[in-house]
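Each of the next two complexes has chain A plus one other chain: chain B in the first, chain C in the second.
Here is the complex of A and B:
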């Protein structure tokens, strides 16, 4: 099983068959499978991109990775230590090592704290040496490009981009090793988005970070990621290096997702394979492959038997019975990719 | 060729009074929409694109709003119309779809009834005819199972289906102009592609003109025939879509293209526009873009550049634009 995630030293995070199920609120006994059997490893120092449409389980997965919610099945291990097997004190210490930046900087900061207090709060919680805090906060402000004279301001006095810089400073306060960015640039204007993306690239080098970068934007994911996982309906359907995903996609859903991306130039307008219908109902998933209802290649096997994520050469995995055999082609409208 | 302009906006300004300061959301915008044209308006948040669109139907009217200029629809100024005249146009001849379909639909009414409401308001039709037309509309917007879905409530539909319902509602009285404010921003890319294809098809079938506001250059590239780039409540550039993409003239437009992460290239860094979008309550003197522009000179800090025709059909508001 060469392509199964292992415990090699270069892996910082390992997920094995992670599931997160929710019970139907009405008590009908139905299970909502938000994340269903996800396995992958994130290597130290890489940016692991996670792309998918809304409702596919990207955010739930990030919450499970950070232990904000317990898993329903499977295991998450950070630096070889399984979360399920460690005590509360150790878990608390481990939380320092992994932090998250959310999509909406307006919702993720306490409006009544000054910027300094917002960045100091995690340090206080983890009993960071009081005498070093001031210097650390100033350093963080410089690192994320916020003027130090803003320390006593309040979040409402900041622009959207500055607020996201603040969230990043706060997430770096405890020198984490892993940063989960859940749609961290999606709420920003493109000119600000570019600033923040560049900043995140710089910070990754300076602070020796590993990123899990979640986005629905293919351009953003391509820019920042080393490897990319495509998620659909609670499962990883394809995982490969960034260039492979965009050129040698193996799963029909990846192909459909790439085909749906808006063109880059009006001269590239094209006829494209459009997916019909919507993402399936979470309470009533299709039997077999989760994509079979919208897949033009689906046959009886796809409707009865769920494909597993299998390896196809170095660093390429796909969950399709016919991966590599289908005539998948994204019409890019003539542009080389 | 003056009479093929279905909508003409001249020197439109919209200001809002808020907390004692004046927020200048739109500052002297002029453009026109030709019959049958799809016009895209692109800009970042706070650039005044949505306010401009809403003002076309006088939806921004409020005691704290000051509006100047004129909006000529088939030669008649919408600002000077009486309410009764305006109501005959709004929702009938000029209609609008919004970004977030859930907040624009009434959650306690069945969707079929909500669409029929528009028809009753503008035309004298019986219940049966209205229902037939609603069904026809829902089929045209390709709502799956249209017959059954008529009796659904908005929460029973997915985001893409809700936007289809909004479009059906906007088309109910065969409008001349469809205004679309970020119609696909809240949708996933696969659904966005479906909705854009649908809008393109319906525009042809209904022989409409369309103005589509977006922040996404990709959406513009997909659907617009001509583009207007907004910055700080002004028109920075106005050109046919292909021309704008091939030959952007305003420094803002040029830099904006560099900021967009693309799926066909792999740069190590994105080019950026330093600084922030101007605050409409504190607009800079002179050219609004000069604090963020590399090429800004003394003249840019004092003098507002006029929108001038640099090459046929291609307008830019920059002192240094040359073709």
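Here is the complex of A and C:
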């Protein structure tokens, strides 16, 4: 089957059955399954979009990918090297290869560092030569569109967009191969979002980057991604190329998610697939499919047996027993973005 | 330096007060013609006059002289003991707030035990165990301060640790100790400065309390606490003894507080142009 996680040379990052569980704080012994059995691989040079509603485990997944938190199960491998099997030193060296841009640019820069120090920090950690650092800082500032005369400013003197540019410059300082953008534009004004997205597209070419782009914003995801994975309640429910997922989705949750995206033009107002109920209780997930309580097509099989992510033709995977058989309304008139 | 003074008035005033007190302590012999234990029984409890700027105490000793020499002990003890408390408390607080988990629990309970003693009683205990000397004095005043610094640092470190810039540093390969000292510690500084300047006054008072209980600096070396306590019995007949002794304590605490607040502002990047 194609596109199942494998060690193909073009895959830069491979996740196999990655799980991240948290213990209930009250000590009841229940496990909170923030990420549960996620497998996918990211190809070199692509932009891999990860979309889902808040609380579905997107950010936890990004933290696990970057080894900010250990996995509870499964494995994450970067260029074929499994993080669980490498030593501390190697992990430190590997951190150079993958970097993250966080959601809140107001929170992700140390307020006591000047812009220069902030960009220099990763290079100082990895013992770059001093003169090299200076030239690189200038280059990075130019690359992300920050004026070089701002080097001695402090982060609070910047606007949100400028701060996010700084965060990007910082994350590019070590010339990483993979950049994880965790809601990187969500905290910005819409006009600034567009600027930053364009900047990221340019930087991708210039620096030969691979992106994992996490967002709840379908418009943004559609704009930037090559392939898109839809997450719901800690699991990937559907994964397909951008064009496929916006037109030929197979999973009822994808259908509902796309129908929920607002459309700008009033004449394009259309019916929506409204979901009833709420996201399942985190400590007491349903036995079968995580979506069965809210899915209008669910039957007894869905309630008892959890569907696995299966391939449906080239570049399409869905985790639904009845994928392809359901009468899902295609094209909700005026797709987002 | 001058620019700092011009911009941060509080630092300027604080530095001025403290440096005057420090200079008088250093040049005490040049500023008085009396010895600090020079008894003059004919002139007991004399009011301030040209001969005795701050009057005399119940032994006829010159209060001005005793205050000058007392500054040496009081400043040394307060600075050293706060440094001792800060070093112990802030270090463990930082460690616990950063790593959380088991070490936090273990150290936290030890600090709880320390805190369950009244500070003065705890000082007495340490002082009695170590015996009277200036260094032991600093330890016995400083160690009971540690739990306060511990609590403040730990709390601040816990909240700083939640910021994304800590995760960001980690994702760049910054080691635990580097992250702790380069990112967490500087960002807990504002809270630390508040406790720092207020505990300076506490240390001076604790030193005088110990002196009063006879566990202070070995006599006859004067300290401000001793001056105040000796004048206490004659507070209605010779208020200048406690008064001038107390005034020095107040001025010093004021100086430290101004300096502390000013430094906090100075170090806050948000207040920089």
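Keep in mind that, in the parts below, the second predicted complex is superposed on the first by the 327 of 337 C-alpha atoms of A that agree within 3 Å, B and C clash if a C-alpha of one lies under 4 Å from a C-alpha of the other, contacts with A are read in each partner's own complex, and residues count from 1 in each chain.
As a working rule, contacts are C-beta pairs under 8 Å (C-beta built on N, C-alpha and C of every residue); 3 or more make two chains touch, one makes a residue touch a chain.
As the structure is a computational prediction, the values presented were derived from the model and not from experiment.
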First, second, both or neither for A:21, with chain B first and chain C second: neither
Touched partner set for A:297, first chain B, second chain C, both or neither: neither
Chain B versus chain C as contact partner of A:190, first or second or both or neither: first
Partner, of chain C and chain B, that touches more residues belonging to chain A: B
Which superposed partner A:122 touches (first chain B, second chain C, both, neither): second
Partner chain in contact with A:312 - chain B first, chain C second, else both or neither: neither
Partner chain in contact with A:66 - chain B first, chain C second, else both or neither: second
Sites on chain C touched by chain A in the complex: 163-165, 167-175, 178, 183, 186-187, 267, 269-270, 272
Residues of chain B defined as touching chain A within the complex: 44-45, 144, 158-161, 188-194, 196-197, 215-222, 224, 241-242, 245, 255-256, 258-264, 266-274, 276-277
Residue ranges of chain A in contact with chain C within the complex: 63, 66-68, 92-93, 95-96, 99-100, 102-104, 107-112, 121-122, 125-126, 154-156, 167, 170, 174
Contact footprint of chain B on chain A as seen in their complex: 53-54, 159-161, 189-195, 197-198, 201, 216-220, 222-224, 242-243, 246, 256-269, 272, 274-279, 332, 335-337
